[in-house]
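Shared between the two complexes below is chain A, which has chain B as its partner in the first and chain C in the second.
Up next is the complex of A and B:
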């Protein structure tokens, strides 16, 4: 596909043009300390000076909390106690500055939310409304290991356009899909340039990733052997079950469903949940199949590195973004755990 | 495509208190919309999410048989937020059902075979659905045995039906209680594993056991079935886990790479033996 040159003026003008036809998303300042992905106010530009956001870009498609249904408990109303679907805005969204790891993560999550048996309408409709304008990582972070899990700093999976910073302050944009081509055209970004310019940049970026993890034996390992391996108490020893890893992870998809009522009006909503929490699996009888923290940390790593591998035969459920490594308060490192699982030999 | 999280509205048509401790009530629901009733085509062994607006949802086994038309029944133990509230609800109240969900007992495999149902406590609801289903299709099955126990007579579910099945005689009923001081008790006294040892039909390739009950019952019944020579392919279990979505998406009810809500709740013991994860 073609590569387009976008200079700084064209960039600003293009964003202004797109505001008319897309809801604009990208990294932006938040009330907290760090830029995160959010819907941009009119006139705001995405902040592309972010190496990677603390929370992943999954929230654009899959918000942390999302209303599913509404209802009334007022028996004077004809449809009282009946859940109603609510209007959702699935008009086109332009998602700027998503890193290749987060874009690839959406395709992993898609396997869960869009299967041949069930289609999760909230996730799928939101996903299909998006055009993903990726931001290549010319300077990957110290905890990045995307090249070990089948991706890379210029990876195109899940992207419609890939932006690469160019020397003059603008971008080179690789057009990956028709959706991306349409967006580039509506932005007025049409100056074609030499595609060969990208390759050396890509190779240079890949060479900067020092972290290497082996995953080649995971599919061959026996799930029961790994489950019963005497490694989990050690791995989980320092774990606080804080859930930071699951919330920051671009490929974690678990959720809870809750009802909330004010006066006679109610909603049913879903919220991100975490396998790190004991309540995640606590049953009404009081029985909990994962009562101890090492059971829960085993679930997290087994899910990402074994159950998912077995279920889909499409690699690991990890894109190597390194967030959980960087943000874990007790330095639990998925790379180390992965090596232990990959090289495990039952006694 | 239909939103798989949207419950179908139902009206409570009847509430029966099943046990003397009043912890178990059977709710009979009728669908508000005829098309929902037609769409709800289940098989014995499946479950559904009962939806109480303002409280939440709870996964419960379907107690009525697909051969019982025009309504669905669920027997609900008073336990948490949703089931506790349900026990305060009245006939005529509106709530929702989402389903049917999960797999079912392997009826195609069981046709032409001997079936022994082994149940304990309030896990008997999908077993009731199964018995009613088999009785409605009696000529499709060979011998049918039912071993069902509870701690005491007043805690047995569906007592009128149990007596009627016992009296009708086209299935072999082995009702039991752990103990009773009722001098008129005319059935068995003893734990389910003990009665299984005494009454279960001999094992062969054409005999299947469906086992559903509390963990202790399952744990102690297992060696009995092993001694009797039941193959683990011929032992069928139905599992429970905490669930939310019921369709294999929300992530909490897995055993290894299988979701109890979608890939189960029914598994053969042989399958379970080979699964990694918290059972």
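Up next is the complex of A and C:
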């Protein structure tokens, strides 16, 4: 696919043009708060100076709380006790500045939400409404390990366009899909340039990633051996069972469904849930199959680094963004755990 | 303070060798600079993994609840006060514990240092008074007193209140500190200002409950936010529910909170949740002359009645 040159004026003008036909999303910084992905107000531009958003970009497609149905319990109403679908806005969304790790994460979530057996309409419709305009990482952070898990700072999986910062303050944009080409054309970004310019930048960025982790033995390990390995109590001791790792993770997809009723009107919603919480597996009988915290932390790592690996044969359920590493209050590090699992030899 | 580790390892080794304890709870080196990981050591040969520096932030009392073993535990001033809370609230028995007191000159605020340094930190070193970080070909040295966590900077109980062994000499307590300057500022706000201040403060909360889970006081078998019969609080990130969680959690900690700062350290969004618990701490001090976790023989003021209690709730 072609590469186009966007200078700073074209960038600003292009964004203004796109506002008419897309809902615009991008990193936004509020004073005193961390930069996060938000829907941008008219006239606001995505802030591409942030190294990465504090939480992942998954909320653009998969918000933390999402109302699915509404209903009334008022028996005077004809449709009482019937679920009504909430009307959703799936008009085109332009998601600017998503880093390659977060974009690749959407494809991991897609395996769960858009399979032969199941189609999650909320996730799939929102995902399909998006055009993802990625932002290549020319300066990856100290906890980034995307190259160890099959991705990279210029990775194109899950992207429609990839922006690379150019020397003159503008961007080089690699057009990856037809969706990306349509958006670029609507923005008036059409100056083709030499695609060869990107390769050395990509290689330089990849060379800057210092954090490495081995995953090559995970598929060969026996799941039962890993499950029974005497490593989990030690790994899980410090764990506070906060959900920080799961909530900040771009590939964690679990949710819980809740009804909220006020007077006679109710909504049915789904909220992110976390395998770190005892409530996640608490059964109606009162039995909990994962009663201790080391059971729960084992589930998180086994799911990401073993069950997913075995089920989909498409690598690990991790894109190496490093958020859980940075945000864990007690420094439980998925890289360390992955090495332990990868090199584990049963007695 | 950095010299404590030899003594800590020596005591831990003795306790394990003599089988006085089944495990020693302490800290080991984290994978990131300026991070430690709470850990347990059960075998004498593993005591070398224990470390001690100005990054031993997490309150280890949170790891004691309902344990049945005999435990050696490292305790800063705040950890020791939370151990006293546990003794008062019957969460652990004194005879189960061998407390290795660590007189503390404060833990450093790693997030503030990272922000001031402005780039990834690869290396960390500390001396008694100075912190040096390196990364990206540069280095910067901070005076430790300038980069203390806020709760450590205003701490008035640096020495362990209860201990069996000491990892070092007792340190001088800070006396000329103003613990409640920030609280007085909020108290002085009018109702609208207060509302807006707290709305903004809580606006980024993701309801992960890291604050609750890091807190040694929050040990309810089922937290009120997790109850389903009845369901007191909604589970979404609706501001009403978020507010309810934070306010109620703070009230549950009134007269018990030692201002150890575990909640703020754990918060992934850096919400200053101590502002709630500090206000209640200040009220307990003003109304009852009470500071939590100083005396295993006394129950906290909201758990007792005295005829001369101030009737602030009876207006």
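One rule holds in what follows: the second predicted complex is superposed on the first by the 344 of 347 C-alpha atoms of A that agree within 3 Å, B and C clash if a C-alpha of one lies under 4 Å from a C-alpha of the other, contacts with A are read in each partner's own complex, and residues count from 1 in each chain.
The definition used in the following text is that a residue touches a chain if its C-beta (ideal position, glycine included) is under 8 Å from a C-beta of that chain, and two chains touch if they have at least 3 such contacts.
For clarity, every value in this text was computed on a predicted model and none was experimentally measured.
Peer 1: Would you mind checking whether chain B and chain C clash or fit side by side on chain A after the superposition?
Peer 2: Aligned through their shared chain, the two binders fit side by side on chain A.
Peer 1: So, A:327: does it touch chain B (first), chain C (second), both, or neither?
Peer 2: After superposing on A, A:327 lies in contact with chain C but is clear of chain B.
Peer 1: Once chain A of both complexes is superposed, is A:142 in touch with chain B (first), chain C (second), both, or neither?
Peer 2: In the superposed model, A:142 contacts chain C only, not chain B.
Peer 1: Please work out whether A:335 is in contact with chain B alone, chain C alone, both, or neither, and reply first, second, both or neither.
Peer 2: It touches chain C, and chain B stays clear.
Peer 1: Does the superposition put A:244 against chain B (first), chain C (second), both, or neither?
Peer 2: In the superposed model, A:244 contacts chain C only, not chain B.
Peer 1: Check whether A:167 is in contact with chain B, with chain C, with both or with neither, and answer first, second, both or neither.
Peer 2: Touch partners of A:167: none, neither chain B nor chain C.
Peer 1: If you tally the residues of chain A touched by each partner, is the higher count for chain B or for chain C?
Peer 2: After superposition, B is the partner touching more of chain A.
Peer 1: Touch test for A:256: chain B only (first), chain C only (second), both, or neither?
Peer 2: both
Peer 1: Classify the contacts of A:194 with the two partner chains as first (chain B alone), second (chain C alone), both, or neither.
Peer 2: Neither: A:194 stays clear of chain B and chain C.
Peer 1: Tell me which partner A:33 touches in the superposition: chain B (first), chain C (second), both or neither.
Peer 2: In the superposed model, A:33 contacts chain C only, not chain B.
Peer 1: Taking CA centres after the superposition, what's the angle at chain A between the directions to chain B and chain C, given in steps of 10 degrees?
Peer 2: Superposed on A, the angle at chain A reads 90 degrees.
Peer 1: Which partner does A:311 reach: the first (chain B), the second (chain C), both, or neither?
Peer 2: first
Peer 1: Minimum C-alpha distance between chain B and chain C after superposition, to be given in whole Å.
Peer 2: 6
Peer 1: Indicate the residue numbers of chain A shared between its chain B interface and its chain C interface, in ascending order.
Peer 2: The overlap between the chain B and chain C interfaces on chain A comprises residues 256, 258.
Peer 1: Quick check: in the complex, which residue numbers of chain B touch chain A?
Peer 2: 1, 3-7, 9, 32, 51, 53-57, 79-80, 83, 93-96, 215, 240-242, 244-245, 247-254, 256-257, 262, 274-279
Peer 1: Any idea which chain A residues touch chain B in the complex?
Peer 2: Touch residues, chain A against chain B: 68-69, 71, 73, 80-83, 85, 112-113, 115, 117-121, 222-224, 226-228, 253-259, 261, 266, 268, 270, 273, 275, 280-285, 287, 289-290, 295, 299, 302-303, 306-308, 310-311.
Peer 1: For a test of understanding, state which residues of chain C touch chain A in their complex under the given definition.
Peer 2: For this pair, the touching residues of chain C are 30-32, 35-40, 58, 62-63, 120-122, 135, 203-204, 206-210, 212-214, 226, 234-238, 265-266, 268-270.
Peer 1: Give the list of chain A residues in touch with chain C in this complex.
Peer 2: 33-34, 36, 54-55, 64-65, 141-143, 234, 237-238, 240-244, 247-248, 256, 258, 260, 269, 271, 274, 277-279, 325-327, 329-333, 335-336
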